[in-house]
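Consider the two complexes below, in which chain A is the common component and chain B and chain C are the respective partners.
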Partner chain A sequence: MLYQFICIVTGVILILPIIYAINISFMPQDEILTTNLHFFPSKAGYLENYKIVFMHTRILRFMWNSLVMAGISSIVRVIVASLAAFSFSFFEYRGKKALFALVVGSMIIPADVLVVQNYFTTAELGLINTYLGMMVVFFISGINIFVMRQNFLSYSISLKEAAQVDGCTNFKFYRKILMPSNIPVITTVFISSFVGTWNTYLWPLLVTNTDAMRTAQVAVTMLNNNEGSNYGVGAVMAAAVVILVPSVAVFLLFQRKIVGGVMAGAVKG
Partner chain B sequence: MKKLLALLLCGAMALGTAACGAGNEGKGGTGSAGSGQASGDTQEVVFWHSFSGATEAALASIINEYNEGRGKEKGIHVELVYQGYEGTDKVMLAYQTKDYENAPDINVGLTSTIPAVMDMGWTVNVEDYMKEDGSEVTKDMFYEPLQQACTYEGQMVAVPFSNSIPLLYYNKEMLEEAGFEKAPETMDELKDYVTALTVEEGGEVKRYGLNMQVKRYQLVEFCVSQGEVSFFGDNQGGREAPMTKIVAGDDGTLKTFLEKLQALIDTGGYKYVEDNINEEFAQGLSAMAIMSSSRMGTLDELMPGKYMTAYLPKVNADDAGGAAVGGSCLNIFNRDDDDRARAAWDVVQYCVSPKSQYTFSTASGYIPVNKGCEDLDEMKKYYEENPQYKVALDQMKEANPLSQEPLDLTYNEINGIITEIMLEFCQGNLGVDETVNKIVERCNDALDEYHSVNG
Partner chain C sequence: MKGKTFGKKLFQSVEPYLYLFPAFLLLIMFAYYPFAKNTVLSFFTVNKFREIREFAGIANYIKVLGDEKFIQSIGNTLVFVVVTVPVSIVVGFGLALLARKRTRTSSLYEAMYSMSMAISVSVVAMIFQLAFNPSMGIVNKLFGTNVSWLTDPKTALAAIIFIQIWANVGYNFIFLLSGLRGMSEDVLESARIDGATGIHLLTRIIIPMVSPTLLFLLMKDIAYAMTTSSFTLILTYPVFHNGGPNGTTETIMSYVYGKGIVGTNYNAAFAATTVGFVLAAVMMALSLVLEKRKVNYD
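What follows is the complex of A and B.
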């Protein structure tokens, strides 16, 4: 009982800022800028902030760009990471440890250090102003390979050997047996990758030079300007709420798979 | 699992198809914002900027007018691209990686980045263009402080565009209630005003007399405004030659300002950190605030008619330096294409014409850079109706042109150092002399490091 209570209180504390942000997005400027705390909008149905977002930024186009970038790069990341982890977990070959050390080593290199070289490579490949250019640096992640490899290591090697005796090829084992029984880790990698890429601001801005190729995060900065003229906190919150929707949707959609995977394993014992 | 895999793969295929299609659209369909070449008889010019809201709308209307009129006649078309504040960094990145295709022809960059921008082989020294016979825009069309702001190593290398100046904003009603008929003119007067305007209840400050966080921008302003002419760094603040050290410590301007600031802190009614300075001022949580003149557009929306502006208070009553203009300028890049650079110059000349400056200034609050703008009837009318904007212009005109922000090479680092040390000073953790020494020492270290790395 105490455990549930602590969980609920923690959950409420964590979600309060998000609910407050949603509430602010439905408030007029003079209601937001008061010294008294207004947690809920005084009147329902105030949609001016959302009108500003949709009329003054191309947010739907920007969100589509973000969706393409985050969606494809997350799928590619899952495929690449799982194949690499499959190799590191189930095969013995010369240089395996050195290769794995390189993968782990890549985790300690800050992304900012690579920006110039990555830009140079992307420009040389003629990928500036393309979705591929926006996504290419997100295709491989050392941490994802590491997580999947650790998960696969706990997988029984004898199962693979049994499958081979029955004539199962390596790729068939990966596709038909290994992947279906590791849905929780696949889901975890996909969600973290999607949310991380969706929230990226700098790289997509660097490799695109047309307004049509901007991502959702840029819409928020376009509304959040201190100088000259701005649209107010309400519009910024409205934009933040709008671009939050896909991240939450992905989490809700795949969350069941994490639980489902754990449960499935438990029943099998 | 099969369904999930099928779903993922279908999704990947669908998005992949879209990615290829839209990617192509981005590359060619929407106009080649980065790589635009002369298409047919039309010369493309790419213009990167960082404006949003009404300012962006004003710039867009100027550019549309150009594209539809003069641009069409001359066969020039401008593509306006929002780049946020990363525009200058992106140009430098493109230059470092020799990415000729994806750089702009015009970029709006902070004046403090001029030395770094001029280091790039691409950057055009616009003084050469302005000196040519028949040039529509000449150096003397700009106010002297603005000419000086864009001057580096004796040449006016960039074109002033979105420039502002620090102002004292005050709540008209609050000052009247406290019996003040005009704004404070010196820091000594400011101290008295802060004392009178601060409201305390139960030992808690309910209304601050003044809000201003001293960062690089504010500290520099108060230092260079002292005396007849003062500089923050050597070589005239980096304009005659690259800046190598801070001189505001040696000439005493830094110490004098800190002593006056200490008196303000002692009143208990000076808020030395900025949370939401615009909104707090608009809500009456502070009676006065020191901010850039470019905030006027925002304050007009938050508290129309309730505030007024005044000159930045003098540190000493006999100071004649005046406040320094800050903001951004236009840089032109020539990527091995003289015709294109000439086309960009034509666009820049159009953007700084009196008429364009009227449109841009009245929408944004930036100071009109062209002297001819204030002679326009519509501008005169605008200033009559909005006297707070005229204060910014007058203050700039009265300032010594040599009173300037430094071209300090490591702008971000120096801003971080000053912000951190000034916060310690305001919190009472550092004395005046200690603060002076620490700022000078750490800023000089940052400059030394820059020079040792960059030669």
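What follows is the complex of A and C.
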């Protein structure tokens, strides 16, 4: 019992910054500005900050943009990575080793190193201020290919051969047998990709410059820097809380699945 | 009949490549091509339309490495890596050890420990910007201090490092927890029967068993930290229009951003990018060498 208590108290300390943000979002400006320490709002039910966020900013639009970007690019990434991993784990062909080395090699090039050049490529393709431009660099991840291959390899090749004897084509095997039986790793890749893309800041900042195409992550920082004086920090915190809700919800929903040991296989730990 | 088998054979021989095609198209377009282009252009003088003017040899490198600001940004980045990476892995590991045993409330505190993973850099930045605010932030109110954490050159980098550690912990925790839970109980049990306890159990049994996870996190965290720029760009760029108070929070990639995106000094930006990449690769290789003998893949 004491053990659990210690664990929970540690957890509360860790999420104090989030609790702090939630508390501030329910405080009027003068209470935030006071020099006394007010951790909890002195009166409950002050919703002015949230009213400002929903009525004076296009927060729902920003969140929709983030959702489109993170959702679609994660789906595409799962498909692209699983197809490549399927090829690497179930076929023998010329150049396989060299091609796989290229995948592994790409893992040592950190994405942020490529940001400037990718920005120029995206601009030349005319994809500035488009969803495709916001998503395209997230379609591929060497590490996801690597992780999926690792999982597929533990899958017996004889099973694919057995399926072939039964008249199953390779692609059908991929679609009907391999993918459904690897839901845990697919979930892991999808969730980690979703959270990562939803959270990304630099890339959407670069490739969008209209209000309508801003993602929530970019917009919330602009709320503060450009218009903070109008809305006040309480509203900035309210906006932060609002855009925090969906990603935390998705995360909590799938958290048990992620912790449930699927990553143990993913990194072979 | 013959045509059909030929067609079938042809399909069979190209089929595995077809599955690779989307991945490699994207990999080339958005990883290898930009990487190669940046490297090539860094040896040329380019104008502000990124058109090649003349071959420059290593002149761009000499110039950028002679820039005090860039050297400072390398120093900041290395400090950032050397502090954030080990601390956030150790904290994540400590939490994972604490949470390893399943209890009735496990899912509650697992969620709290991993929570920071679900929160974006910009939300994290907004929260800590307020917390560190000199007049209304909770940090000064709590400790009775009067420090302008994010704008004072003495504290700005430390504050950003603190924020980054908090942001990293959830991710490291969740991976290490599943690593720990993936350990075979038999091995732990027999180690305990042999009398292994406490530190001994940790260093001789547990750490070697989760070493692949540790290595994975180490590489990932180093790559991320070496190319970090988000907190600098969100928290100190709007105030100082460059790398923070006296350049104390400038990182390699925020320097590149300042030169290549805000300004149009591509010669500096491209050379700095390559330097940043080489340093990141060296750091990763170094950790790999250090870790190599200790990693246990069985």
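Simple rule for what comes next: the second predicted complex is superposed on the first by the 210 of 269 C-alpha atoms of A that agree within 3 Å, B and C clash if a C-alpha of one lies under 4 Å from a C-alpha of the other, contacts with A are read in each partner's own complex, and residues count from 1 in each chain.
Everything below uses one rule, namely that a contact is a pair of C-beta atoms (placed from the backbone, for glycine too) under 8 Å apart; a residue touches a chain by one contact, two chains touch by 3 or more.
Here the structure is a predicted model, which means the values were calculated and not measured.
Of the two partner chains placed by superposition, only chain C is touched by A:I109; chain B is not. After overlaying the two complexes on the shared chain, residue contacts for A:Y131 are found with chain B alone; chain C is out of touch. In the overlay built on the shared chain, the residue A:I183 is in contact with chain B alone; chain C does not reach it.
When the two complexes are overlaid on their common chain A, residue A:A123 makes contact with chain B while staying clear of chain C.
In the superposition on chain A, contact is made by A:V218 with both chain B and chain C. In the superposition on chain A, A:L33 makes contact with both chain B and chain C.
In the superposition on chain A, A:I75 contacts chain B only, with no contact to chain C.
Here chain B and chain C are compared by how many residues of chain A each touches, and C touches more.
When the shared chain is aligned, chain B and chain C each come close enough to touch A:L206. In the superposition on chain A, contact is made by A:I8 with chain C only, not with chain B. Residues 33-35, 115-116, 119-120, 202, 205-206, 218, 221, 225, 233 of chain A are contacted both by chain B in one complex and by chain C in the other. The residues of chain B lying in touch with chain A in their complex are 1-2, 4-5, 8-9, 11-12, 15-16, 18-20, 22-27, 29-31, 33-35, 46, 51-55, 81-84, 86, 90, 93-94, 96-97, 99, 101-102, 104, 164, 278-279, 282-283, 285, 292, 294-295, 297-298, 301-302, 363-366. Only residues 13, 15-17, 19-20, 22-24, 26-27, 29-35, 37-38, 50, 95, 98-99, 101, 103-105, 107-131, 133, 135-136, 138, 141-142, 166, 169, 174-175, 177-179, 181-182, 209-210, 212-213, 216, 223-224, 226-230, 233-234, 238, 253, 256-257, 260-261, 269-270, 273, 276-277, 280-281, 284, 297 of chain C touch chain A when the two sit together in their complex.
Across the complex, chain C is touched by residues 3-4, 6-8, 10-12, 14-15, 17-18, 20-21, 24, 32-37, 39, 79-81, 83-84, 86-88, 91, 93, 96, 99, 102-103, 106, 108-121, 136-137, 139-140, 142, 145, 170, 174, 195, 198-202, 205-206, 216-218, 220-221, 224-225, 233, 236-237, 240, 243-244, 247-248, 250-252, 255-256, 258-265, 267-269 of chain A. Those residues of chain A lying in contact with chain B across their complex are 29, 33-35, 56, 64-65, 67-68, 71-72, 75-76, 78, 115-116, 119-120, 123, 128-133, 135, 179-180, 183, 202, 205-206, 208-214, 218, 221-223, 225-233, 257.
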